Structures are given as structure tokens and as C-alpha cells.
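The following blocks contain the structures, represented as C-alpha cells.
Common to both upcoming complexes is chain A, partnered first by chain B, then by chain C.
Up next is the complex of A and B:
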């Protein structure tokens, strides 16, 4: 299965006039994996998805599914099925006929396709509603119908365009689990476009972070989260503080970086850097401790608390350290409540030198994950 | 619906809300209809009307082969016009919705369709005559091109010209409702069908036509009632050679045979109601609109 459903995207560009929605993208999605494409609105993720589905044709480049060049092949004949954001169910057809539509197109006899559709509806636990029309269903039920309709033709690749964005929070978490379970059962490739970072981290084997039509980073969620490629990826995925500074001293790949607000940090930079270079690096928000002044030498910061948010298992402190970005620290709730802080208090934070991770990429856009 | 509308106060205010329209319908439609029904059962000697019950008005209408032929001819005109306007209306709407796409241009083109309505019926009818006549523009063009040697006389003062005029006048009443239901189709469901591999023809027959049923039904009601109630167009465009049920009614009225005219009117109302019922049988407009 895995060889047949591997997707290779080779030098794919999609231009609309002068703007390039997708710009020279090279990407391999392993067969049978769960891939999440993530990025802010207009980053090109949906365009890329639609090109894989065959609803758009690339301006240049090739798309291969299971080694076959499908760049110009029509939808319906390339082994993909697309699940639409608002489900796009046929409003005048019963659930059975909605699900059976793909088989009707292929010329399967009425009784046979209805029987198969009912089996598929049973699989998504909606058999008891088989004769209803979509408007009589809740959002979550409609989504499962859309899923059943997409899967009825046994696609090699299932493409999901923001499948969970129309659901409320509880249902979203529930459907997320169901999607993952279904993908495990079927063993086919899922490509899931989203703009919510926790969704991507929770579901994906491979996370593809996009910005302005370019793939910024394509790696495992662990890799993307812990070792982001650029400040943009770090900010978009969250959980990291992005710092920058000049290399002050350097010995065999270990540098000391001085930030503009006067703190020194240890950073492994490898080869190819020299003293005076400007570098970006990140430090994870959840590995930061509050500390006393005496401890302050390296890998630390001082600033005024500008916001405190209790999050249940930890407390989120926003600290103004004199740089343009707020420094965020997730403090263990027990440690915090031993010595609570108020907005306006001056606090010191420190962390282990190994936590500093160098960012090689230069995309420095703020990349706020869209809050909608 | 809020739960309030179930309470007694809510029901009262609902009645209050429909009251003005109900009053209007009662005085302008209900009362005249009752008068016509009564009139159709009264007797006349051509001078005075006697308020005495009789079936003879209906009997004379139904026993007259001329009148029955008129009914059949009117139904024929209505059905031919209905078929042609449906095809044109559907095609125009399809073009506007799926090819034009730009909303402003769509509305602009729809307004262009209404241009003929900026002037009166009479002028619109009369302006066909120099175009279609034996010495008319169309015949001269065909002759100049050498396609025909003698002018075609079937073009004007014939059933053809009557249907042509009906189509010309009433197509807009078909375009607007079909356009309305077609523009409500979510473009995503067409993409979803394409994603499943459906051809253009399958999308048309499986999705677009079924989803336009409401529009087609509403347009059909307009066209059928307009054609069935016409006597002016048929009179002008057939040069007096054809007539409709309403023309016969007018003749009766001119000769002061009001009860016969009333009986015909009631029969026509029944016929139109049957046609409309048939249309509503095919398409459950209430359910479709609720969806």
C-alpha cells in the first residue's frame, strides 16, 4: 500500500497572474502516512491540496501519486478523494445516495451501490439515518457523511480541507481522534490542511509548514516543534521564544550570543559562523524557571511581568525583557503558587544552555497563527 | 422558531401580521370570485339577468365544439410556450450563474433582460409586425440571401407568431426564478461531484436540474397563468385568426352574455388550478423552499 499511495511533488508552481500561490514546491509524502499542511490563510496550502486532488492544474512542475505522473489527469481517475471544508453534501439526496454518488459515477448498479453506501454509513455509525437528507443532520454527522462519501471509492489518498474548522471545540477533539483511528485502519495517505497548530501536532506523521507559497519546513511534528527551521516556523507552531543576537565569542562551534537587551546565551552554531554574525535562536517556553538575581550569568533574562494567565497545569507569564517580542514562560503551577507574581513585578528567568536551538532559516515574519 | 411563537400571545400576533394581506386578498380576490361564481349559475335572456339557479351556462360552454377547441388551443399554446421558455430560461440562467460568475455582471445582464419591459405591450407587439410581415425585414433578408424565392407567410399572423410573442414576453418570468434557485447552488457541491469523477452531463442531470426544480416550477406557474389569461397577444399576433378562451369571454361580455362569460371564467380558473396543482405535484415547493 505505502508505495502506491506515496505522493511526490516536484518543482510545482501555481501562478495566478503575477502572484505565485505555490512557488517551486518540492515535497515527498510517504504512502500511508498522515500529513498535515499548516500555515496562515493565503499561504498556498489549500492550492497545493487542490492541485493534488486535480481541481487545479500546476503552472509548472509535476505531481506523482504512487510513481504515476497525474499532473494533468482528471479528478476521479487519480485515486484521490477530497473532503470539503463545509462538507459540500448534495442537499437534495438522501445520505445513502450522497455516499453512493461516487459509485453511481462509475456506473455501479443501483442496488449494489446502495448496499455499499449503507455499509459505509454503518462504518461511520450513521446507518440509522440513511434515508435522511443532509439538512436534518448536525455538523458532526454531516462531516461523517462527507467522510463516508469520500471513502466509498477506496481512494489511495484522502485529502481533507480544514475538516474540523466548522465544528465546536468538543466535537473537534472527538473527530480528531476518529480521523486518526480511521487512517490507522485504512492505511491510506491522509493529507489534512489546517491552520491550527495543536491539530497538526496531534495528528500528523509529517507536518508541512508553509508560508507565501513556500514550504518552510517539512518534518515530523516533534522535529518541527522542537527544532524549527526559522523564526517564522517557531512563532507559528508556538511554544517557543524567539531570540536574536550577535555572536560575541566562538570556539569549535559553541558560541556566546549577546542579545540587544544585554543578556548572554550559549548556543551551538556549528561551522560557517564568525564573530559578529547576527543569529536567531529559540528556547522552549516550558523549560524556563523563575530564579534569584544571584544566579544570573548566562541563558537568562530579566523583565517586568505584563500578563499572568493560569492554564490549569501551568501558569503563563508574559515578561517584557526590553526586546520587541514578549518573553513567555510556562511555569509549573506548584512552583508559581509558592511565590506568586503580580503584573508589574520584576522577575528573573533562566534555563539550561542545551535548550537554546539555532534557527538556520531566515523567514522572520511574525506568522501569527490565525486566531479565527 | 422561538418558543414564544407557540404561546397564545404569539399566535395572536401572527394573525395580526397576516391580517392586512388577508384583508386585501379577501376584498380584491375573494369577493369578486364569489360574484363570478354566483353569476355563472344565474339566468339571462341577453337583456336582464335573473337570479335563478341554472346549469345551462356551463352546459352551453361544454357542449359548444368551438369553445372546447378554444380551450384545447389555449392549453396547446401554454404548453409549447412553457417548454420553450423553460429551455431558454434554464440556458440563460446556466450561462449567468456558471460562466459569468461575477455578481455585478450577473445583475447587469439580468437587468438587460428586462429592457423590453420598459415599453408597453402594444408597442412591443406591433414592432414585430414590420419585422415578420411578408414585406418585412426578416423575409427581405432571407430573399436577399437567396435562401427563399417567395416571402414566407407563416411568419406573421400564424400560430408561430403567437408562440414567438409569448416566448418573447414571458421568458423573463422563467429566467428570474430559475436564476434565483441556480445561484443558490453551493459551487462546492459541483466540485465535490467533479471530485468523484462526474462528467458535466452527470453534474447537470444529477445536481443542477434537480436543485433548480423550485425555480422551474415557479416559472412554469407564471408562464402558464399568463398564457392562459391572455387575449391581447393572440389577437394581435394572429391577425384575428386565432383566439383564446379569454377572447371568447370578451365576445360574450360584448354581447352582454355575462353568465356565460362567468361560466367560462370559472372553467378557466379550474383548469389553471389543475395545471398549477400538477406542477406542485411534481415539485413540492414548500419543502424545497424550507430546505
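Up next is the complex of A and C:
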């Protein structure tokens, strides 16, 4: 199964006139995995999805599914099924006939295909509504019908274009669980396009972060979240403070970096760097502590509190440290309420030297940082 | 405060009076003709009614005094049917084509609109002149049909635009995604979803042709269509048979419109509760 449903995207470009919606993308999506493509609107994720589905043809490059070159193969004959963002259910057909549609065009006899469709509707718990038409359903129900319709032809790959974006918060979380369960059951490849970071982290085996038609990072959610490739990925995935500075001293891959606002930080940089180089690095917001002035030498910052938000299990402090971006610290709520801070107070924060993670990529765009 | 509990002002009565006048003006004459067509055998063109009878309808069908009325009616029906068929097919595909910005799309669109704007009598004159120059004879089913299409096609296209406005092309994509060929997508998805709209286009195609006079006068050749025949009758016939023909043609129009609306609402109901 997994070999058959592996997807290889080789040097794929999609150009619309002078603009490149997708720009020389190379990507392998393992068969049977749950892949989330994430990025701000216009980053090319939907275009890439539509090319895999066969609704768009690449300007150059190849797309392979299970080792077969399907670049120019028609949609509907390459083992993929696309679930549309607005579901695109046929308004003139009952749920049964909507779901049976894929079998109808393949010439399956009426009774056989209706029976199969009813089985599929039962699977998404909608059998009792089989004779209704889509306009009589709620958004969540429509989505389950769309899912059933996509799965009726036993696709190797299910493509989901922002499947949860039209649902309210409660349903979104519920459907998220159902999608993951379904993927586990079926064992086929899911490719899910989203612009919501928690959704990607929660669902994916592989997260593909895109920006301006380029894949910035494709890795496990843990990797993408903890070891982002570039300032853009760090900002877009959230949970990190992005810092930058010049290397001040260097000994066997361990550097001391001086930030423009006058703080020194320990940073492992490996080989290929020299003194004076400008580097970007990140530090996780939830590993930062408030501290007294006394031990402020490295891996610390000082600044004025500009915002305090209580988040239940932690308190989110925004601190102006004199750099362009505000520094965010998630402070354990017990520690915080022992010595609460007010907006305008000067505070000191510090963290362990091992938390500083070097960013190799240079994409410094802000994306649209989605906060958690 | 709800609307109902508010006291109706002076404006309400002014507007209500204006609306009543409008309705009276619109339907009054039609009603008068309808009533007078049931005039008794000795009755005249005006009130009072001298008894009530179907005499003038009978007269219309049997008497030779009214020229080729039956022929004119059947010609108009055939012409309306042909216009309807061609309008639906052409406008459907033209509407689909206009969804893409093909080369010359806006020029073709404006040419269509011009054909709506130019006075019909001029279009008719142009067509008859062209036929003469080409040495062709005028026939109602040829030059007449062409003249009618110059009116029904652009009209149908505009309606088709309105119909397609509410059509989501991701339905077609979903069909292709499920493996449907272009032909199956058209037959299983596009046409069925657009069907009520196509009935509306058909309706306009028929009625616009059925009562078209300016474009017909100079293009139908030797045999008249119904509107021309009736127009001629108004100068020669001085009996309530004139009203009877008005009633008959109105009833035919209403039947066609009624059938169209009935089929639209049946389709809508079937969709609202499939099976």
C-alpha cells in the first residue's frame, strides 16, 4: 500500500504569465502518511494540491504517484480524489447519488452503486439522511458527504483543500479527530492543505511549510516546530522568538552572538561560520523564565512589559527589548502570580543556552504569524 | 416596534393609489378584450354585451373572411418553436464559452447587445435588402427565422449570464475529479443543474418570437405570421372576432408560460425532496 501511494514531486513549476505560483518544488510524500501543506494564502499550496489532483498541469517538472508518472494524466484516472473547500456537492442529487457519482461515471449498475454509496454513508454516520439533498444538511454533514463521495472510488491519495475552514471551532476540532481516525483506518495518503498551524501540528506526519511557491521546510511536525529552518517558518509556526545578531567569538562550532540591542547568547553554529557573520536563531517562548538582575550575562534579555495575557495554564508576556520584534515569554502561571508584573514594569528573562537554535534558512518574511 | 403597529401615513395611500392605477392600466384593456370576445352574435365592438356566447370563436374558425388565420397561427408556433430550440442550444453553449475570457469575447458580446438596441424594423429591412442583393427569396422559415434569432439569441444570452452567475464551476471539477469525461460532466452535472435556467431561456425564446412584429414585417415573405395577420385584421375586421383572436393568442402564451413555470417548480420540488 505505502509504495503505491507515495507521491514524488520533481522540479515542479506552475507559472501564470510571469508569476510562479509554484516554483521548482521537489518533495516526497511517503505513502500512507498524513501530509499537511501550510502557508499563508497565495503561497502556492492549493496550486500544488490541484496539480497532484490533475486539475492543473505543471508548466514543467514531473509528478509521480506510486512511481507512475501522472504529470499529464487526466484527473479521475490517477488514483486521487479531491475534497473541495466548499464541498461542491451536486445540488440536484440525493446524498446517495452524490456519493455514488464516481461509480456512476464508471458505469457501475444502479443498484450496486447505490448499495455501495449507502455503505459509505453509513461509515460517515449519515445513512439516515440518504434520500435528502445537500441543501438540507448542516455544514458538518455536508463535509462528511463530500468525504464519502471522495472515498467511494477507493483512491490511493485523498486530497483535502482546507477541509475544516468552513466549520465553526467546535466542529473543526471534532472533524480533525475524525479525519485522523479515518486516515489511520484506510491507510492511504492524505494531503491536507491548511493555513492553521495547530491543525497541521495536530494531524500531520509530515508538515510542508510553503512561502511564495517554494517549500521552506518539509519535516515532521516536531522538527518543524522545534527546529524551524528559517525565520519565516519559525514565525509562521509560532511558539518561537526569532533573534538575530553578529558572531562575536567562536570556538569549535560554539559561538557567542551579540544582538543589536546588546545581549549575548550562546549558539551552536557548526562549521562554516566566522566571526562577524550575521546569524538568525530562535528560542522557544515556553522555556523562558523571569529572573533577578544578578545572573544576567548570557541568554537573557531585559525590557519593558508591553502586554500581559492570561492563558489559563500560562501567562503570555510581551516585552520590548529594544529590537524590532517584541519578545514573547510564556511564564508558568504559578511562577508568574508569585510576582505579578504590570504593563510598563522592567523585567529580566533568561533561558538555558541549549535552547538557542540556529536558523540556516534566510527567508525573513513575517508570513502571517498565527498565534496559539 | 414592529411594522404592523405603526400607523400608515399619507405616503402609503398615495403609493397604493398609484399602484392600483398601474395595475388597472396594465390589465384593464386585456380584461375588456377578454370579456368582449364572448359577445353575443348580434353584439358589436363595444359594450354593452348583447348576450354571452362562443359565436365569435366559432366564426373565427369557420369563416373565410379572416384570411389564413390558422396558417398564420401554425407558422408562428413553428417559428416560435424553432427559435426556442436554437436559442436554448446556442445560448447554453455560448454562456459556457463566455465563462472563459476567450479572444474577442467582449467584441462578440457588444455585437450581441447592439442587435438588441437597433430598432427591429431596421434589422428586418437590412435582412430583406441583403436577401435581395444575394438574389434569395424571403421565407418565414428562413429570413423570418433569422430575423427572430437576431432578437432571441442576445436576449437568451443575457439570461444565460444571469443563470450562470449562480453556477459554481467546482461542481464540474468535482465531476471530473470523480472520473467523468467532458461529455458525462455536461450530461450528469452541468445540464441538470442549469435546467431550470434553460427553461427560462426557452420560454423567452418562444414568446419573444411568437409575438415579434417589427422584425417580421419585411422578412417573412409571402406568408404572414400571426402578429402581422392580426395587425392587418384590425384594419379590415369590424366584429368581435378580433377580440376572440386576442383571447386565443393570449391563452396560448399563458399556457406556454404556465407550462414553463410548472416544470421549473416541479424540478425545484424534486430537488428539495429527492425521491
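Structural remarks
As a convention for this text, the second predicted complex is superposed on the first by the 368 of 372 C-alpha atoms of A that agree within 3 Å, B and C clash if a C-alpha of one lies under 4 Å from a C-alpha of the other, contacts with A are read in each partner's own complex, and residues count from 1 in each chain.
Everything below uses one rule, namely that a residue touches a chain if its C-beta (ideal position, glycine included) is under 8 Å from a C-beta of that chain, and two chains touch if they have at least 3 such contacts.
Computed from a predicted structure; not experimentally measured.
When both complexes are superposed on chain A, chain B and chain C clash. By the document's definition of touching, of the two partners only chain C reaches A:131; chain B does not. Touch criterion not met for A:259: it reaches neither chain B nor chain C.
In the superposed model, A:77 makes contact with both chain B and chain C. Once chain A of one complex is fitted onto chain A of the other, the partner contacts of A:91 extend to both chain B and chain C.
Contacts of A:291 after superposition: neither chain B nor chain C is touched. The residues of chain A shared by its contacts with chain B and with chain C are 53-55, 74-77, 80-82, 84, 86, 88-92, 101-102, 104-106, 133, 135, 149, 153. Within the complex formed with chain B, the residues of chain A that make contact are 53-55, 74-77, 80-82, 84-86, 88-92, 101-102, 104-106, 133, 135, 149, 153. Chain B makes touch with chain A in their complex at residues 186, 188-189, 191-199, 202, 206-207, 210-211, 291. Within the complex formed with chain A, the residues of chain C that make contact are 168, 170-171, 173-181, 184, 188-189, 192-193, 195, 271-275. Residues 53-55, 74-77, 80-82, 84, 86, 88-94, 97, 101-102, 104-106, 131-133, 135-136, 149-150, 153 of chain A are the ones that touch chain C when the two sit in their complex.
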